[in-house]
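Look at the two complexes coming up: chain A is in both, with chain B in one and chain C in the other.
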Partner chain A sequence: MSSDLETQDHGAPTFAIVMPGQPGDNPTTPKNVPHKGGAVNPSVDDLRVKFGAAIGRHEVGWGETTVYVERTKVREICAWLQSDPSQSYEYLSDVTAVEYRDQVRPIEVVWHIRSLKFRRFLRLKVELPKDGKTPLDVPSVWPVWKGADWLERECYDMFGITFAEHPDLRRILLWEQYKEGFPLRKDFPLRGRFSRAEQLKNALAADPEARYSMEEISVLEAFTDLPADMRKRLGGGEKVGE
Partner chain B sequence: MGLKELMNKGSGTDPKLVYDYDPDSNQPFVTTSLDFLVNWGRANSLWPMPFGTACCAIEFMASAASHFDLARFGMERMSFSPRQSDVLICAGRVPFKLAPVIRRIYQQMPQPKWVISMGACASTGGMFDSYAVVQGIDTIIPVDVYVPGCPPRPEGLIYGIMMLQKKVREERMSNESIRDEMMPDPLSQLYIPASRIDELSEPFGNSVHQTRSAP
Partner chain C sequence: MATLVGESGKKTRMVEMEIKPRSLESGFAGGMEPEFEGEHMLINIGPQHPATHGVLRLVLELDGETVVRCIPHVGYLHCGFEKIGEYRQYNQIIPWTDREDYLNSMGNNVAFVLGAERLFGIEITERCTVLRVIAMELSRIISHLVWLGTTCIDIGAFTPFLWSFQERENVYKLLEGWTGARLTTSGTRVGGMIADVPDGWVDGLKGFLERFPKTLDQCDRMLTRNAIWVGRTVGLGVMSPEEAMNYGLSGPMLRASGVAYDVRKDFPYLDYETYDFDVPVGTNGDVYDRFLVRQQELRESVRILEQAVKRLPDGPVNVDDPRVILPSKTKATSEMESMIHHFKLVMEGPRPPIGETYVPIESPKGEKGYYFVSDGTAKPVRWRIRPPSYVNLSAIPKMVEGHLLSDVIAINASIDIVMGEIDR
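== the complex of A and B ==
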């Protein structure tokens, strides 16, 4: 812990934006961060200059900046944040979603991104209104960060949000034949939609080997036993992911 | 008729199979029932197939380690292949995704075979009364011994193993039905009626308050 941090006035915690190798680049760990308000991540202003109306409101909580962006522009914004030398958000730490127990409050899709170079953290959010008209669909950021692959699959698995142009969007935790819906949605009953016997029947009826991809079992003879959609996906023998 | 003649007479046609016992040699011998001998051997060399999915597996590992020493019960050889095992120890919760796996493992085990359901989750689903967890592995495979606890202490597991040993000792070869393989219904893949599974999986205790969803 650097000593000058102790002597700082903690009323307004500062964002330490420093270049590595320059004086005063000791990692600062803010203490006594206020719940609301505080220093805004400077990337927000840069985003407003660059993308204008596509950037919505922003808020700061616990020293972390959240910025709401337009649904269709997500990949463009992420690509710029990742590649622009003044931003360098090279690390995508999470893609997830939030649904509130509220009939009008929209579902949010959340991206947590981090700039290792500038020690910045930014949370991007897209709001998907629950009006029945807006599709639960956002652009995939897989072309920007390859690590988004499984994160987006998990988000699809649990919330049913589709990520356009994701290379291999299918369930990741639940099995592919799962028919009961998306478990983390608020309208999903805790025990699932089917009776226990029905759930067990569905689970046992599936062939365990058929759940895995060809690469995983590497048994060519099993190919004909695979579900039709999986045969189609693997049929050409080309790898679809990365 | 002397003992030698008696044994020769009972041996059938192949004289090489006869144990050539000379009553004048004064060599000691013991007679017993075959059931006792076979069960004694089986009960004291149960090879476990550990199916550890959660924290119960930690207690199971502790049971197998030096402090509690499962080797005392002839179980020092963990059989990580179902083909070479006698007793399946399911330690931990089983999600529906694993249901066909544990069934396949059980079906791959050769007879005679037994199952210990270790802990609350494996026995009843425990606190995980959710969409993803099997409410007791007895809805998938037959279970011989349930060990309660969350997780059970190694002493609890050892007590369960001793109960299983007692059960093995009391088996009789004349009862042919105990080796019948329980075949699931080919249509539904269930081996007990669906209504009984629903009955076994009824919510109880605090679980009955968990059905809320969005207004």
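== the complex of A and C ==
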């Protein structure tokens, strides 16, 4: 009986050893990487030719190239880097932000992108000055790489940076009703804004049923059945999903 | 739906149900069945559900048994690792890396120090390089075995779970002999390892490498051509190569879709380019191909380990660099200079130069990267984890929509998530 099962052939495992990148190009472990200087990613020059003034300074540190770009042009630049066959940055590794301990140094939004074909790595940065005038807002790269969805949501959750035209920019790791601010900002204390006792009190007072997101409630059409605070929040004109 | 106020004063919602005797008059017979067509149902899975592999919560909108929409919720385990890291010295962060992806703790330890060493400008010793390769491949074996076992349970096969968890225990015994802990190894330090492997440890590893492929063969015979297994995995959660890249998938998820991106090959570290191993690549990008890829990766890990054991050189494990490595206790108590180094290292911690670096490794789940930003002080300004299973999980709505409810479990299992890493 068991032989019956074993002889059934559901298609043998098919494995093909395919390598991205160009043939004959065998990368090796980087050794003795210099702190400053070193080879610049060739995409930087192409970016300057294509976008001119929208590209700011570039730095090479520990063998990685960083390019500062203009805030409003991010999506355009990313779309070109992704789709142009001479660049082909098809892979978005990470979207995050950095706030320095310095009071005046701008917050930086960081994109780590990768070309699998050319085995290149590029770090794009946008500086958002903390002068109170510049909005903490950058264009979303979700239309270019779908993988940016949760990464941008996390960045919003932790730093309060909004990503324009992101389809669903909600908090992700913290809950939607979280009101204490943005934890990875330097003005956020390590232990949170409230004492343990206050946090416990707040948690116990919270309505455990207010756990569905607005998007889900639009599915339920159970608006009238909601707890009062959520009804108020939704009634106040907050965006209800698509 | 009615709202009642209970004794505690808290509102309780309950569904009003009218219990009627089932008779001909009640309408259930004679073609008078209640009409449910076109009505969608909302189902909540998790956060406390064994098949969600942790505290994942999925809200599913169902049309009959077909998933129309899936909304995942994460964050139940959020502990703020990245925030805590900004208040710790580099070596003090290593215990946190154990706890994010706890199935790959040794791999995370190595990944963390690889990034930190790039930042400090340290070149590690030959023996340390090979030991770290051994550590990473052992944790890859652990992670894939846990994946195999839990996925088998999800889909309904119990025996491979026992086999794989038994072998996993053997690897844990090895790691315990080396670092003193099974899961929370904290096995590395900036510039070296917590300790050299003890006497006879390599023989234990050799014995494991002899036995382990037999277990793999057993699982292979049990699953790969098993009609039930194949029927429950083929054609589920298909991602095309373009989609997989666009969604940022990595690791076995990406390779099952046919993109041969492996950080060990494309952006090598720890001299991985000198090892002879293959990158298995699937063709269909479904759950079955992910299983095949992971199964083959286990064999490739064994190949790498065999080579690493052969080439393991003698010599020191830690670099000879008083900036980062503590002097021996004898030296610290007898030599003035060593005592100062010891004091400064413990009290102030090593200080990297100003700069930033992003170092990716191939974790069992995919591309895991640690991004450090240093302002020249002993604590990083920013320590960022690029979590592979977080990005992989973000594609779950795309993968499950249109499939049956029971297949959601299989697809979710195939992503190989670890909630510790997703929520951090």
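Just so it is clear, the second predicted complex is superposed on the first by the 178 of 242 C-alpha atoms of A that agree within 3 Å, B and C clash if a C-alpha of one lies under 4 Å from a C-alpha of the other, contacts with A are read in each partner's own complex, and residues count from 1 in each chain.
Criterion: a contact is a pair of C-beta atoms (placed from the backbone, for glycine too) under 8 Å apart; a residue touches a chain by one contact, two chains touch by 3 or more.
Computed from a predicted model, the values in this text were never measured in an experiment.
> Regarding the shared-chain residue A:Q103, is it in contact with chain B (first), chain C (second), both, or neither?
first
> Figure out whether A:V33 sits in contact with chain B (first) or chain C (second), or with both, or with neither.
Touch partner of A:V33: chain C, not chain B.
> So in the superposed three-chain picture, is A:Y68 touching just chain B, just chain C, both, or none of them (first/second/both/neither)?
neither
> Using the touch definition from the top, say if A:D149 reaches chain B (first), chain C (second), both or neither.
A:D149 contacts chain C only, not chain B.
> Please work out whether A:A206 is in contact with chain B alone, chain C alone, both, or neither, and reply first, second, both or neither.
The first partner, chain B, only.
> Please indicate which partner A:R123 is in contact with in the superposed arrangement: first for chain B, second for chain C, both, or neither.
second
> Does chain B (first) or chain C (second) touch A:D94, or do both, or does neither?
second
> Give one of first, second, both or neither to describe whether A:F51 is in contact with chain B, with chain C, with both, or with none.
neither
> Any idea whether chain B or chain C touches more of chain A?
Here the partner covering more residues of chain A is C.
> A:P183 in the overlay: touching chain B, chain C, both, or neither? Say first, second, both or neither.
Once the two structures are laid over each other on A, A:P183 reaches both partners.
> Which residues form the common part of the chain A surface touched by chain B and by chain C?
After superposing on chain A, chain A residues 101, 174-175, 183, 188, 190 contact both chain B and chain C.
> Flag every residue of chain C that touches chain A in the complex, lowest number first.
1, 13, 40, 42, 59, 61, 69, 71, 73-75, 78, 80, 82-84, 87, 118-119, 121, 123, 221, 224-227, 230, 234, 243, 245-249, 258-261, 265-273, 278-283, 292, 296, 353, 355-358, 360, 367, 369, 371, 373, 375, 381-382, 384, 386, 390-391, 393-395, 398, 423-424
> Can you list the chain A residues touching chain C in their complex?
My answer: residues 5-6, 8-10, 13-21, 26-29, 31-33, 35, 61-62, 64, 66, 90-94, 96, 98-102, 110, 112, 116, 119, 121, 123, 145-151, 154, 158, 171-175, 183-184, 188, 190, 209, 212-213, 215-216, 219-220, 222, 225.
> Under the touch definition given earlier, write down the residues of chain B that touch chain A in their complex.
Touching chain A: residues 96-97, 99-101, 103-104, 129-132, 134-135, 139-140, 184, 188-190, 194-195, 197-198, 200-201, 203, 210-215 of chain B.
> Give every residue of chain A touching chain B within the complex, in rising order.
Listed in rising order, the residues are 101, 103, 174-175, 180, 183, 186-192, 195-208, 211.
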